[in-house]
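Quick heads-up: structures coming right below.
Two complexes are shown next, each including subunit A; its partner changes from subunit B in the first to subunit C in the second.
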Partner chain A sequence: MRLELRDVHHVYSPGTPFEVVALRGVTLSVEPGEVLSIVGGTGSGKSTLVQHMNLLLVPASGQVLVDGEDARTLKKSELRRRVGLVFQFPEAALFAPTVQEDVAFAPHRIGLGDEEVRTRVRQSLAAVGAGHLAERSPFALSGGEKRRVAIAGVLAMGPEVLVLDEPTAGLDPATRQDLLGLVRGLREAGISVVFVTHDLDEVAEVADRVCLMEGGVARAVGTPAEVFYANLENAPATVQIVAGLKAAYPGVGEPVRFEETTAALRELLEG
Partner chain B sequence: MAASRGIGQFYPVASPLHALDPRAKILATAILVVGVFLIDSMAGFLVISGAIAALVVVGHIPTRTFLRLLRPVLFIVALTVFFQVLFSREGATLFEWGFVEVHSGGLRLGFLLALRILLLVSAAGLLTATTAPVALADGIEDLLSPLKKARFPAHEVAMMMTIALRFIPTLGEEAEKIQKAQAARGANFSEGGLVHRVRALVPVLVPLTIGAFRRADELAEAMESRGYRGGEGRTRYRELRFRYRDALALIVTVMILAAGVLA
Partner chain C sequence: MDGVSLEVRVGEYIGVVGPNGGGKSTLVRLLNGLLRADSGRVRVMGFDPSAQPFEVRGKLGVLFQNPENGLVAPFVEDDVAFGLENLGVERTEMRRRVAEAISTVGLSGYERREPHTLSGGEKQRVALAGLLAVEPEILVLDEPTSMLDASGRREVLEHLGVLRGEKTILHVTHHLEELLDADRILVLNGGRLAADVTPERLLSDTELLRENRMILPTVPRLAFALGLLPTKLRTPEELARAVRERAANEARAR
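Up next is the complex of A and B:
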């Protein structure tokens, strides 16, 4: 499915002294099967933006479109199933006595039968590498294990778009790599992924497109190379190194991924 | 956050009322509360209502925001008035239908009762809207401190109040976050019968409670690691200062009360 936000504005607590304008007209699309990364400083509106994708937040003005149709015309439950949203620190919402019951919550809520729910629970726990935790209590897990389980809890609905808000924050390198692997796997299965992160190296590795947020607007949208080479202060180390060499060696090109970058540099050194 | 708005919400603007010493405001509120019970005439109520309306303006609180504070008690007011009117048999009979009788005395009593409740809530709402929670707790501790001689744990009570007040908005935000996270997993809090709705709260209340206990633990450790050992010999970061204007505010309040009682 194709998700589109058109000129979305959002204001928290409007008309009170606590009023905060969090989004000031964002236009952005999530194309079918792509990995879209959203980056930007704290408070730039990333979390606010992604909560509009399944209408957990309703825009003050502007529109959210699903395959060209106004998302408000869809049933809420239908929309939330098709656009799975994993919050920042999703482990704070684990509640069931065992991991498998927790993961079964969402598929039960959308009305699947017991047999189907069991299959979904098994599949999504396996997808996040937490199959062995099924019988455990979610409260007795490590931080990284909790995070995996919480993601499985949304994955179990079988969303067409999976939105992950800072899924790798505070995790060890191995778990991060696992999650990036999950993102790649979903993409191969034709599921779009929206990936909010502060780790630009991760963006370089998995994103098809990048949206750079700043002060409630999308400052730049495009391929990682386009966005990073035009916004060096928000670029991963690979891009910064190459950009530093570019004036002297224009032939180096615009590599972004680690592999591409080392290849380009090797060519320079050997060439 | 929207859900936590209501009675007891602090309205953070700069105004002459906000600038007063919290002790003066607590005492003035107490005086007004006593006044509301002493007064028995329509004119008296007019005086007090007028005074509170004026204070709302002085406190820079928008009328609509203030009236919203009152909304949650309207149901209770309606209920008490209803019973008062139905069960009082004073004065002339105005209306009779089967065993239902409405008397003029009952109508009057019901009306006065409604006014009393609304004025009490308004006075309390004015206090909390113009006084930061922490200042309120400081003021209460100070006013209660003479009772320390009688072994009353004034500092501990105030500290508990401060912490509770401090964490109400935090808990509210946390609840909202968890509620959203569960809504993203298909939870539905606004449909179905009562049983269904109560059951729908379990996935919110369980993590909320666990989070609250974790937070309490962390807070206790943080306090201990900074050497907190209760109120004995503690100095204050915010010193309360009772100024001329605070005394003036109390005098004005007493005068309003006198005017109300004599009117």
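Up next is the complex of A and C:
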């Protein structure tokens, strides 16, 4: 699926004293099978932006297109199945008596058979390292455990575009790495992933493209190297390190990923 | 919690780390009396938190893990004042502290916003302001920066640096790079205290890190991969300088 936002504006509580203009004309596409990272400061509009991708929020003006068609022409339920969204605070949406029932709820509701649902529940819980929590109450879990279950719930729907709003916040480092592995696996399977995060080191490892938000506009969109080397104050550690060497060693190039950067710096040290 | 013994002295800055479900937030809830230990003893400045919660909560303030759960009042300023009201602080003093805390977390102008309409990072800042306004002697922060951007993270760490020494601080986090200056780091795993070590020790103990689902932060990991001393290098600038110096030395040697 190709998802496109065209000149999207969003205003919260318009015409009231609480009015907030959160998006001021964002144009952005999510290409089939790509990992698109959305980064940017607190309150820059990231969560607002991604909630337009399945029309949980409706633009004040501008358009959302699915494979070139206006997303409003699709049934809401179909759109939300195809574009799965994990909220920034997904814990609040957990509700069933056990973790596996929670994850099974939405797949059941779209009419999948019992066997299929069981398989999907098992696979999605395993994918986030939460298989051992299946029988537990979702309310009696640690913060990171709840987050894993919430991600599994959306994975189980088998979306074509998976939108993750700060999915790694609260996860331990090894689980964070596992989640990045999962994202790569989804990309291999042709699923697009939109990944909102403050952890730029993660972006460096998985993103095909990066969108840098600032004050409700997309300040830069491009490959990680393009965006980060032009916006050093919003760059991962690897890029900041290399940027500190470019003046003395212009030949070092513009590596972004950890392995690339290690190789470039080794070469530099070996002369 | 499975047989944990530990002691924190006045003025210490203690990091708390470990895998999801390791017991970090349970420790936090035991300290402020939300939970009672089945066996064993918890004392905060001599008080038993589960039996004397009010004595303890005036001295030990907590920032809970999920900033959404803590926000209760209709406006940001009431939310920040909430803890003070419970302590019976006088009105002008209360207004002063609320304004100061809101400005410390960079939310001036947000006083009359409704907390539930804020972005994730803004909510986390409100929750932090609520704790700062109380000015407790002991601050317990459960993943205080999980939703913050890089500059917000830096500001919070700088502020904790300012409070350091004057206050006792327990800082729970999954980001080891935030704890490089801590006096000690407690590692909780499976409800047990897996380690109580200095940051240098933890960063150089690959096995201990791996067993507790931790990974070296990017800068020391890259330093390590290049054969530079990882625990001495913290910021990208420091690592870049070390690489420049090493490259210049090697060029001279050649």
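Methods note: the second predicted complex is superposed on the first by the 271 of 271 C-alpha atoms of A that agree within 3 Å, B and C clash if a C-alpha of one lies under 4 Å from a C-alpha of the other, contacts with A are read in each partner's own complex, and residues count from 1 in each chain.
Just so we're on the same page, a contact is a pair of C-beta atoms (placed from the backbone, for glycine too) under 8 Å apart; a residue touches a chain by one contact, two chains touch by 3 or more.
Since this is a predicted model, take the numbers as computed values, not measurements.
Enquirer: Does the superposition put A:A230 against subunit B (first), subunit C (second), both, or neither?
Expert: A:A230 sits against neither subunit B nor subunit C.
Enquirer: Should A:A106 be classified as contacting the first partner (subunit B), the second (subunit C), both, or neither?
Expert: first
Enquirer: For A:A126, using the defined touch cut-off, is the partner it touches subunit B, subunit C, both, or neither? Pick first, second, both or neither.
Expert: A:A126 contacts neither subunit B nor subunit C.
Enquirer: Which of the two partners, first being subunit B and second being subunit C, lies in contact with A:V154: first, second, both, or neither?
Expert: First partner only.
Enquirer: Quick check on the superposed pair: does A:F139 touch subunit B, subunit C, both, or neither? Answer first, second, both or neither.
Expert: Touch partner of A:F139: subunit B, not subunit C.
Enquirer: Of the two partners subunit B and subunit C, indicate the one touching more residues belonging to subunit A.
Expert: Of subunit B and subunit C, more residues of subunit A lie in contact with C.
Enquirer: Kindly classify A:V58 by the partners it touches after superposition: subunit B alone (first), subunit C alone (second), both, or neither?
Expert: neither
Enquirer: Which of the two partners, first being subunit B and second being subunit C, lies in contact with A:S47: first, second, both, or neither?
Expert: The second partner, subunit C, only.
Enquirer: Tell me which partner A:F95 touches in the superposition: subunit B (first), subunit C (second), both or neither.
Expert: first
Enquirer: Just subunit B (first), just subunit C (second), both, or neither: which does A:L85 touch?
Expert: Only subunit B; A:L85 stays clear of subunit C.
Enquirer: On subunit A, what residues does subunit B touch that subunit C touches as well?
Expert: Common interface on subunit A, subunit B vs subunit C: 12-13, 18, 92.
Enquirer: Please name which positions on subunit C make contact with subunit A in the complex.
Expert: Spelled out, the residues of subunit C in touch with subunit A are 18-22, 24-25, 65-66, 68, 113-114, 117-122, 125, 143, 146-153, 174, 176, 213-215, 217-219, 221-222, 225-226, 236-237, 239-241, 243-244, 246-247, 250-251, 254.
Enquirer: Give every residue of subunit B touching subunit A within the complex, in rising order.
Expert: Touch list, subunit B to subunit A: 1-2, 5, 11-13, 65, 174, 177-178, 180-188, 202-204, 206-207, 210-211.
Enquirer: Which residues of subunit A touch subunit B in their complex?
Expert: 12-13, 16-18, 51, 54, 56, 77, 80-81, 84-87, 90, 92-96, 105-106, 109-110, 139, 153-154, 157
Enquirer: Subunit C touches which residues of subunit A in the complex?
Expert: Going by the criterion above, the answer is residues 12-13, 18, 20, 40-43, 47, 88-89, 91-92, 141-145, 148, 166, 169-177, 198, 200-201, 234, 236-238, 240-245, 248-249, 258, 261-262, 265-266, 268-271.
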